[in-house]
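For reference, the structure is listed below as structure tokens.
Chain naming follows the written order as A, B and C, and within any one chain the residues start at number 1.
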Amino acid sequence: MHPRLTLAITIMEALAIFAYAFSGLLEARKRRLDAVGAFLVALVTAFGGGTVRDVLLSRRPFYWVEHQDYVLFIFAMAIFAPLFLRVTSRLFDQRAMLVTDAVGLGLFSVSGTSIALDAQMPAFTATMMGVVTGVFGGVLRDVLCNEIPLILRDSRPYAVCAFAGCWMYIGLERLEVDTIYNVLISTAFILIARLITFKFDMRLPH
Amino acid sequence: MHPRLTLAITIMEALAIFAYAFSGLLEARKRRLDAVGAFLVALVTAFGGGTVRDVLLSRRPFYWVEHQDYVLFIFAMAIFAPLFLRVTSRLFDQRAMLVTDAVGLGLFSVSGTSIALDAQMPAFTATMMGVVTGVFGGVLRDVLCNEIPLILRDSRPYAVCAFAGCWMYIGLERLEVDTIYNVLISTAFILIARLITFKFDMRLPH
Amino acid sequence: MHPRLTLAITIMEALAIFAYAFSGLLEARKRRLDAVGAFLVALVTAFGGGTVRDVLLSRRPFYWVEHQDYVLFIFAMAIFAPLFLRVTSRLFDQRAMLVTDAVGLGLFSVSGTSIALDAQMPAFTATMMGVVTGVFGGVLRDVLCNEIPLILRDSRPYAVCAFAGCWMYIGLERLEVDTIYNVLISTAFILIARLITFKFDMRLPH
């Protein structure tokens, strides 16, 4: 059974990187950046969160050093951005993008937590590293594009969903749930929490 | 005598973190960020300077990993921000905030210098690491909030006071003044320099 | 013959740091920052790219820790900025600045690639580290000054020239060209590519 689950995680990972890179491309388009700008913003959006986490944890090699194929894919996405955005906007409507992005948020946050626990971080720090992994790509994207990060502006729960899911991962880890199931369950939890709070237009106080 | 001095430093440290986090909350309020945004901005303001210094020095663990109680305190500050800001604005008028912030600038800069010296940095680099520790939290706060960092815009001496105090610390260190006295004296120096230059509205050329 | 080539590289390095710091000073002037602000922006522009690369590669000591004389030079540049900018604007017209900056882009990118290869990075990552070294100082400068980084906005090839030159360096390295010649050739390639694309006003698609 495990190989199939591993495959599921690999697919989710690819979806997540795609969704994050895509949001970078969209932002770059809005700003009328050229192909190089689009590539850099997409790259930073997709790998920024994990890279900041790894710098904080003194962990190497970076994901994007080990998975150059993803970098090349984003490179191609950026070069063929006009074509690519047209095709994608037909295949992925806004709802599909919301789901894909939430899969990314879930998987990145949960795997960030898992990696921080492996690096002997205490539980609370591990959940914060998880949230950093999930949201910092978007923060860097917005800083580069000279905007207040969306996550700071938008009062719809985003980081909070990730935070809750990271604690769920740690809880299930303590209950000795098998890691691969745990990743799937906690990611699903974040995905669902995000979709429900979005659907019912729940807002954080401010 | 030492335990009392150590207590003094612990109190100053708590004041400093409080003052920096508070300035983050204020900025977040101005931008109408939600509770999560306020927490992130406050956190980055309070611990950003020390974290950047530790990344530059390859030093771990981070202060906020070892002192999770402070993180939780900032978490509570952010959640109860409306209440908290009302109470605080009654207890701390602008003058009190100026003093508290200057204590933070002094303590962070001096301790940053001390840590850089322990990491075998040459004197000049150590003073720069001290200034980074003192001012980078505010820089990151302003970058996140999409403003030119206050420290770059405001011509009233801020980094310069910190810089002078860091050199004082190194000077007294060479004179073999006991570290704990040295921290107190140099921090007091930065505090006083900041208050005097502010009071007489001294300005840097530009 | 080697000592003369080493001298050539040292001169190019000084030119490069000067050009980058200078662009930071100009930006600071435009924003009417004070001397401290100008110093910080110039410093970040000159050493930001190399510092980010070294953080990514876990490499120490930083260049600016080992070469404090350059830091002091930038310090003096910032303090005497009004005088300095007047003299320089007479000696260096815009064309001279373009060339000087392109020398910086070339040398920083090529040396960044070389350092990344030494750190056992795969070729593609090494070229990306090279580009980061060449362009990130300017990115940080613009983020600090609250602008969308020029490199993202300007469709005239900049990062692309650096990227091509980094691949040339790796190619010549595989052909076992002596490192010092290779640095000179690849830097010259980037310089010329930058000048040609600029001269003919070539643009990247967007």
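The rule is simple: a contact is a pair of C-beta atoms (placed from the backbone, for glycine too) under 8 Å apart; a residue touches a chain by one contact, two chains touch by 3 or more.
Molecules present, by chain and UniProt name: A, B, C = YadS protein.
Just so it is clear, the model here is predicted, and its values are computed rather than measured.
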Have a look at where chain A meets chain B and say same if over half of the interface residue numbers show up on both copies, different if under half do. different
Here chain B maps onto chain C under a C-alpha rotation whose angle in degrees, rounded to the nearest 5, is 120
Dist(centroid_CA(chain A), centroid_CA(chain B)) in Å evaluates to 32
Multi-chain contact residues (two or more partners), chain A: 55, 58, 143, 146
Given the complex with chain A, which residues does chain C contribute to the contact? 55-56, 58, 121-122, 124-125, 128, 139, 143, 146-149, 151-155, 157-160, 203-206
Any idea which chain A residues touch chain C in the complex? 28, 31-38, 40-41, 51, 55, 58, 60, 62, 64-65, 68, 71-72, 82, 143-146
